[in-house]
């Protein structure tokens, strides 16, 4: 009886393996080499002539990181490198570390990681480095000597301050009640924006008054929506909301729209242009600020490629960017790259 | 009156009243009809899933796979609308079919293979959640057809909102009420519904009386599935896009709500009214936390404490009653 | 017999190892109350199970309903043929209302989709009125007293228009007044021309209600008599038979010190003013009817449910017993009445069952169990009590009733408690094992252990104990020295309110 | 030979699981010899398994009594966070050895406390384990959140980092800790007097207490044990990730239930072996890293695990029904 069990299970496994053939493509969006590297055991990615660059987002499957992924894949095609774009299914540092460990096993040439938690990935990145792998971080800095280059879409401080400026612009006044709605209490970059924004507001706009501690919405639009409704009621004089993380602004805007408070409450935040369009239209969302996600992904790969080719990064060097060549903005430390100021999307 | 006091629902009703008072003191807006409507609307999904979970718990089972069901329903319905336009009827039909299908699988495995419900549904959950994310790669489904968005914001009737104007009842709430009535009817008036209570009360007696236990079990899980399926559509109608990742961990909230509402985890007891109270308690807590201006970082702690206390409270009451039983009538 | 509603002839039932019934006869007329009496193990419950379709009789038996030969394929079938059983546990739904408990069978039978509560309540009301019980149909059954639950059970039988109702020990846990009420009900059933089979130990009740009385003994049919034509003593002698009891009690009044003394032990709703002394090396039999509060009392002494007042002295020392652990430390052991759920852990091995109470005896300093010793120990006791098969690795549930009971005994004898309380040790155990168990009890007593033997089987009590206490309705009704005491004398104390 | 037969019969479940494990291993190796079989990967798995394994052992103890411990990962996180405060304190910089030791002690102590809370409510108040632990899960998460304000606590002495990342003679320290914990768990649960009481309580609480065993106390301690295992898991996690944070390892909760049940522990309590759980953990670990290395979609992993779980239990219960039928036939025959 038990023998049967074992057999059936192996069968079940094989089946699921078969399923993988169809299934695997999504996470490694369109990057054939990476996709089939599993099944036909093409030994190590490195052996197959072209370099392999692994780009790991905080998590796969949210619009923001899907777009960065597309950028990265684009770069892969243009620059003739294999790009593996894969990450955990939820923003869990533990999962991410495991996957990096597996990437080391896959002997990739470079790992570009957007860490869920900077400190958490340092040990594994050190392992990677020991294995002779080029280490980059992007989206969120690791802040450790282990990384060879650090790609910043923008300086967190600047962005946090920028959002506050946007809010003041939207409100048309620099005094009144406002609130922060954030994706999660434990997201480092969101917290960085919040802290920077608050510090900035205190000094520059002393009359802005934060009504309550930042409200968490666990990266869910629906939660942002209900919490905003609560906010609106709890604080009748609320004039503005700064929404951090990509789903949050949409949720807030939805609440504002539903209550018809477009005129009264201004919402600004970090959102992907495509999704925010409709809310920008009816003014429930005053402005969405974000960098061009695709470019970020592209730039990251492009820099990794340059370094793998053994070139040294220099400030102002010419580099292939998503839309033609760009000049590299390198900070004095020789490894921090700033992509440029954010793009603000407003009602067209 | 005494009978009322003995009712399980009553203790939680008291807790709700108490908390509501606290909140209202902190923020009078709490009792404004528009707030209450918002609170309700925000918890329609939880409520409908709870109504589906209720019969499962009454029968002494449990269903962790609802998360997979609601996710699959939301995603497939979303795709259906985006790709084929389709219409509201097709959407709900699809949702119901999905729910019924998954529920049927659960039920068959539990009834025929005799795998404990918690294990079966745990496995099913990871399978279907996996399938959903595999299919969507977690990507959102946006720009749903306008007719669906209109459906989402559709309201019926008019109530005075605290501040002079009027407001209508969102269609989602209508669904919640309908689901409540249906569940109530099924549980109270159908033979199968009574069978659910019978199984939960005493499986052996239920057999002796002649209930077809397997059939009833399959029905229970299908019913739960269908409710989760419908919840999926309603969730989409509120949020107006589909985020496949948004449902993770939902099953536990649903179970807590139902059990707080007086359904026992060993089966046999539980009412629609109680479940409503359970959902409302959870909703009021969520909503009140912000209104009552409880610091963000204390909200979860308060939540946890209330859950533990509420459940202990009930158990202790029950024990006290048991001790009163007389075994032998003593000769005087 | 002509016009009988139900008639059984040449009914036998054999189980692996045991012949529960051999060639018995029973019949019952419409509107008749026919009592079936006999000691435990006389085969009463087996017959009931056959009548209610739980068991199928061996080949050769004949069952006739309304003179037509038939067979009762299952519980549902029994109900369809008009035979309803009221089990001691009633098999009702405690979480449902009285009305539903009464009405639901009908709904299921007709396979209705929708339940018509109005109708159900009406039927329930009607049935309850016939029974003459003032019970609100909408009340949850669990909140009703046992007596009321029983009435509901009867009502539900009526609602299924049963032609015959079997009552298994119906008065076992009813109060005096409740019993009177029950008999009224039986009266009304008679008027409705419903036959009632009344199964009971309590002879005074039997005489009160029944038209005819049938006596079984050791799975055999003894005789049937009109209740007017026999008296208590004749009946008792029929039940007991003229078999000579080997009163192998050690001796009387061996006064080598008091092992256990209980003073005015009282627990509300369980027992009252229990006082007695247990001497060293003595077997003290405690008998009385089921539900007289014997087990409750024993469990209080063992600390399972605490007594409200009164004191317990072991070897003259006053002891506080709030938990079984306390009791064990005081040297008291209790072998519960329900072997299946309380005495044994069915799906664990014989070895671990025997070893459980004594774990600490074969654990080393760091608390690990010395398996070798444990095995040796288990085997020793399996041997000494001759548990068959002699395999410590078998699961408890794989043993026959008798051997299971031996395992339970072993478990506690091994714990060499100075005071051993044995509650219905031979319940559902075949004759051979029974004798052995008796022998074992005597042996350990001879070895100096004091034993309290709780049993409703008088021959057992008489053949094993030195002294005998009789309990009735939560109190001690009499005490005998087991010399020239007869079953009749004991029965008399146990059954009949002071006459 | 006969004794071998007996042994085989007794451990058929573990053997079956081993067979499956072997199957998975072979399958993965065939699909990707150069990577899956690489020492690097074997070591990686050795680093990854312990934290999960410890959680599973904790979960197993709870399930053995017919309960469940949904707060297990929250306990891990909370106790990890508290000891992280010790480790990141300026004092720790100066004397790392003491700090590391203290951290371990604190971690275990906190875990034990949470266990006492769970155990008290479950054993003495009598609330269903599932409910209790659902409530405390929220509570513990809340406390962790409150302590960390959502951020992560980092900056531990390098000595402590070794616990999670170092290895002696090529053997990762976590796996050493895990091995010790497994052996300990085996002796505590399967060989000690208390452990036997746990199994007995799980089988039949009434009969056990009628045997003079204080089942309430036993139950209480079970949840303490469960929490302590989770605490150790948490310790390894924070060391591996060089920081402590609320949601670390949250993904282990339901997985550990799956592992325990897959390992042959009955969800109704009373039966199950440490060995079974350990093998099941290994299976899940291998499937998930194996599929990762193959570059297979992350989501497939969940699906595969779910399928394996149901398949194994289905066949187990069918086998059970089959055996019971056989037993019955034997009886009726005699």
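Going by the order they are written in, the chains are A, B, C and D; count residues from 1 in each one.
Note that in this section a contact is a pair of C-beta atoms (placed from the backbone, for glycine too) under 8 Å apart; a residue touches a chain by one contact, two chains touch by 3 or more.
Note that the coordinates shown come from a computational prediction; the quantities given were computed from them, not determined experimentally.
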item	value
Other chains in touch with both chain B and chain C	D
Chains contacting each of chain B and chain D, listed by label	A, C
Contact-richer chain pair [A-D vs A-B]	A-D
Most distant chain from chain A by Cα centroid	C
Inter-chain centre distance, chain A versus chain D - centres from mean C-alpha coordinates, in Å	33
Inter-chain centre distance, chain A versus chain B - centres from mean C-alpha coordinates, in Å	34
Computed distance of Cα centres, chain D from chain C, in Å	45
Inter-chain centre distance, chain A versus chain C - centres from mean C-alpha coordinates, in Å	72
Residues of chain C touching at least two other chains	none
Overlap residues in chain A, where contacts from two or more other chains coincide	23, 26-27, 60, 89-90, 185, 216
Contacts with 2+ other chains: residues of chain B	133-134, 137, 297
Contacting chain pairs - touch in the sense defined above	A-B, A-D, B-C, B-D, C-D
Complex contacts: residues of chain C adjacent to chain B	75-76, 91-96, 100, 104-105, 107-109, 111-115, 117, 143, 145, 173-176, 178, 268-272, 291-293, 296, 472-475, 497
Chain D contact footprint on chain C (complex, rising order)	16, 304, 323-325, 327-328, 333-334, 336, 341-348, 352, 356-357, 359-360, 363, 366-369, 371, 411
Contact set on chain B toward chain D in their complex	64, 109, 113-116, 118-120, 122-127, 129-131, 133-134, 137, 252, 255-256, 259, 264-266, 297-305, 307-308, 311-312, 315-316, 319
Touching residues (chain side chain D, partner chain B) in the complex	68, 70, 121, 125-128, 130-132, 134-143, 145-146, 149-150, 254, 257-258, 261, 267-268, 297-303, 305-307, 309-310, 313-314, 317-318, 320-321
Complex contacts: residues of chain A adjacent to chain B	23, 26-27, 59-63, 66, 89-90, 185, 212-216, 219-222, 225-227, 229-231, 233-234, 236, 247, 250-251, 254, 258, 274-275, 278
